[in-house]
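For clarity, chains are labelled A, B, C and D in written order, and residue numbers in each chain start from 1.
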């Protein structure tokens, strides 16, 4: 096999991008979700609608934004609305198919912490906070989460719930009256996790090439369940890899520094 | 009715110690020049509010201007933490900073409610979320039609709103375009407002439904070219990404931060002087000179 | 995803008997052609909602399409009463019309709440006003922060929203400019939507913050030039004020109304045919031919 | 005296226009208020800010609009906002100095009816309804009302309160929590009425030239109080009259029919 070599981050971004379908309306978080969303747009999903919380609707950036409100997002958008309108009419209004989030910490039910490590009033690490994530997690039709898998990030118990996943599992979301279905996939540098059909606990459903089940279990702070039928993530195709690398190269050139 | 004046006079006249001050800008059009002038005039005890406090808030907090901060996301976008913000929260330096933490959807609704003259906003949010445990401002109410429980959040109605915009005409009417954020709402929600602009022109030549702040809702208009740098102004200049990444190193330690602020902000007279001071240090950094 | 189709097909497919239908337009861009098609297809038992029902609603009501009307101002602007509307309210002809009467501020908020996915809106209004005595939908609630009593009104969330706009591109993205009214909110609040446009173009060439309805929030886009007449479309044609004043005489009596509707709407196949029919009667009325 | 002759309607419009001051922000109703507001703009108040509920802010129409959303209003405005924004940010937001209304019926406390004559469910006359008036009457800093004075319009008791004036008088508005001060002047074809300083009942404070106190009393359906110091409205000036007539003539030409 003359497979191209690639990094774990590249595999993660490519695996995430594959979950996005053409014409989906995707509310995109900055960083890894933004790279995956734009990769999808540049490969198999040319008519995907990308929305950033800064108010840019149907944006088609040529390079990745460093921040959620870069000029590149505004200049290539179908339209730009105010931030209150974005959260009121477009997100809460139920117009979003996929909310695409990153996270600092995640638990077995795909609840997310981006607020503090340690106690809220005396934090060990003060993280940036909620941003748009709580209501994206609540209102988007479904949610994808992308982050690197480590035992420090995949924790038994979150110090703070910033954005809800499946709460304490089962039909907890429905009982709480949350409009969206919640996280349906967590994409990491090791594989893909999806919530179990009834318990809604995350289980490992796919391993990226070269990664072992034991590695994934070891990088998880709770006892990770593995799906009966564990799949193998297809490696990046030449087109996926070239497109992603070209995107990062353009981004680095445009920003005059190292790519994200 | 907007007075066209200098930024120094506007900040001196319109912002008092202890005021509730919104400096808004969502990546785009962040009012850096106005933030520097607040620092230069040593305003104290301010209650700051901003959806996305970034470097300019790191600077105001680190220089001791703030007693509290209402916010929904605090960081150096694309780079990492705000070290001065963290130092204030984690170690109370230079002064403790009381936090009122909310979400973007909440604050966006809260500014809109403020602009609408309402005491609160209703939204669907915060279910299963830990923020209401730590911020008693976040309440719930029951829909009188469906019985659904919804979040109720207090309006943001600052004493002063501070924003940067592309241009004003000679009467003080202001045009903003591109990513407009919550700036219009912030100005309409506030008792007073300061708008810095790239230029003052004879006619705005705005398209029909453009975002305009008429001169009678603005207190002061100040012409400060490049006044959003290192943020950007669509149609004028791009974001100085290098400054954002350089800031991480400058702000990491109290000493380097204070030295930088003393040299470039406290020892300069206005934003143009600050730019000259910066470019003297970094002659090659064309983008932020 | 918007389908570009004929108005006849769109109305047949998207509007069913008994539906809750918003046809919006605030003097400007009133969807006359779509209203005619609703009449032509003999839709029945509709619950209509419109802030400012005028001639097109007089026509739908007089032709027996409606069972109820939610509104805030019903009249022939600058001319006087809507005779068919009054006949339905005062004498139940051709059928009783149940009214849900509200104010402009209420309905504007209610559409915005509908677009926002909320079951109700909060506003300051209706104090000392008799409307709440006759419309049980208007309730109050107490602000959980200040204790103030405010009005709570149910969202408007129609089955179908029908509007007219200036143009769409070939993908079905829609641009509206000038007096935009509540049309964007109506479309976003509705389950389905029909947008008639003056023309379909290769590119919208819209300014940065223009009012755009992306094709994925619209069900059908139909090219119907002059489809807002006798209302107007900024950039295309002016208001046919003579038609509005002529309507007073046509609609005053049931017989003249029915004869006119039969001849010009029921006996014509589409809006272009209607225009030919009208111009045959009034060859000199250049403005509405 | 070589005073020009003029109609009672012209005197009414001119008297109303004089109450508007330069730079006031005026939320304008269609019809008589619109004529008076634009006359003020064309004479003594060139920088008055005229706002119509259709969303047009700072509009400077060359001819009078027939309807609240004419193209003339949009084309000459400083900006045009959506109708929800108009009612939320601009009216309820407390940005309006003067709400300028017409009326079908009015009572002694300047409460207004524009809904029905007769019982609501079995009306003798079904009027257009509320429109923007209830919240203009509630939220504008103060309110001017202009209508022709007849015993049928100035009634002892309204069949329906569409827009509040001073409710049942005294400090009733304040007790009800209404933000604005309510009606401060009613301008008719006979004279000007203003609320009494404490009872808030309308009293006649000025008579137009040639009108007698008895005429005004006879055209009022309640026992009209007359101010101790009854003033005489100055007759129209040549400029006022010429400007108003030119405005109506331009309007008639533009609309291809009789002027409003």
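Basically, contacts are C-beta pairs under 8 Å (C-beta built on N, C-alpha and C of every residue); 3 or more make two chains touch, one makes a residue touch a chain.
Here the structure is a predicted model, which is why all the values come from computation and not from measurement.
Peer 1: Cut chain C out of the contact graph: what components remain?
Peer 2: Once chain C drops out of the picture, we keep one piece.
Peer 1: State the pair with the higher C-beta contact count; candidates are C-D and B-D.
Peer 2: Contact tally favours C-D.
Peer 1: Measuring centre to centre with C-alpha atoms, which chain is farthest from chain D?
Peer 2: A
Peer 1: Could you give the separation in Å between the centres of chain B and chain D, each centre being the mean of its C-alpha atoms?
Peer 2: Chain centroid spacing, chain B to chain D, equals 41 Å.
Peer 1: Approximately how many whole Å separate the CA-defined centres of chain C and chain D?
Peer 2: 28
Peer 1: Suppose each chain is reduced to the average of its Cα coordinates; what separation in Å results between chain A and chain D?
Peer 2: So the centre of chain A lies 57 Å away from the centre of chain D.
Peer 1: Multi-chain contacts only, two chains or more: what residues does chain A have there?
Peer 2: 74, 80, 88, 92, 139, 179, in rising order.
Peer 1: Where in chain C do residues touch two or more other chains at once?
Peer 2: In chain C, the residues touching two or more other chains are 112, 117-118, 123-124, 148, 178, 180, 184-185, 208-211, 234.
Peer 1: Once you draw an edge for every pair of touching chains, what topology comes out, line, ring, star, complete or other?
Peer 2: other
Peer 1: Applying the document's contact rule, which stretches of chain B touch chain C when the two form their complex?
Peer 2: 117-120, 122-124, 139-141, 143-146, 148, 150, 152, 154, 177-178, 180, 207-211, 234
Peer 1: Would you tell me which residues of chain C are touching chain A in their complex?
Peer 2: That would be residues 1, 112, 115-118, 173, 184-185, 188, 206, 208-212, 214, 216-217 of chain C.
Peer 1: Please name which positions on chain D make contact with chain B in the complex.
Peer 2: Touching chain B: residues 23, 25, 49, 57-58, 74, 78-81, 88-89, 92-95, 139, 179 of chain D.
Peer 1: Once bound in the complex, which stretches of chain A touch chain B?
Peer 2: Touching chain B: residues 30-31, 53-56, 66-71, 73-75, 80, 82-84, 86-88, 91-92, 111, 115, 120-123, 126, 128-135, 138-139, 160-164, 167, 172, 176-179, 255-257, 260 of chain A.
Peer 1: Spell out the part of chain C that touches chain D in their complex, as residue ranges.
Peer 2: These residues of chain C touch chain D: 26-28, 51-52, 71-75, 77-78, 81, 85-86, 89-90, 101-105, 108-109, 111-112, 123-131, 133-134, 148-149, 178-182, 184-185, 211, 232, 234, 238-239, 241-242, 244-245, 287.
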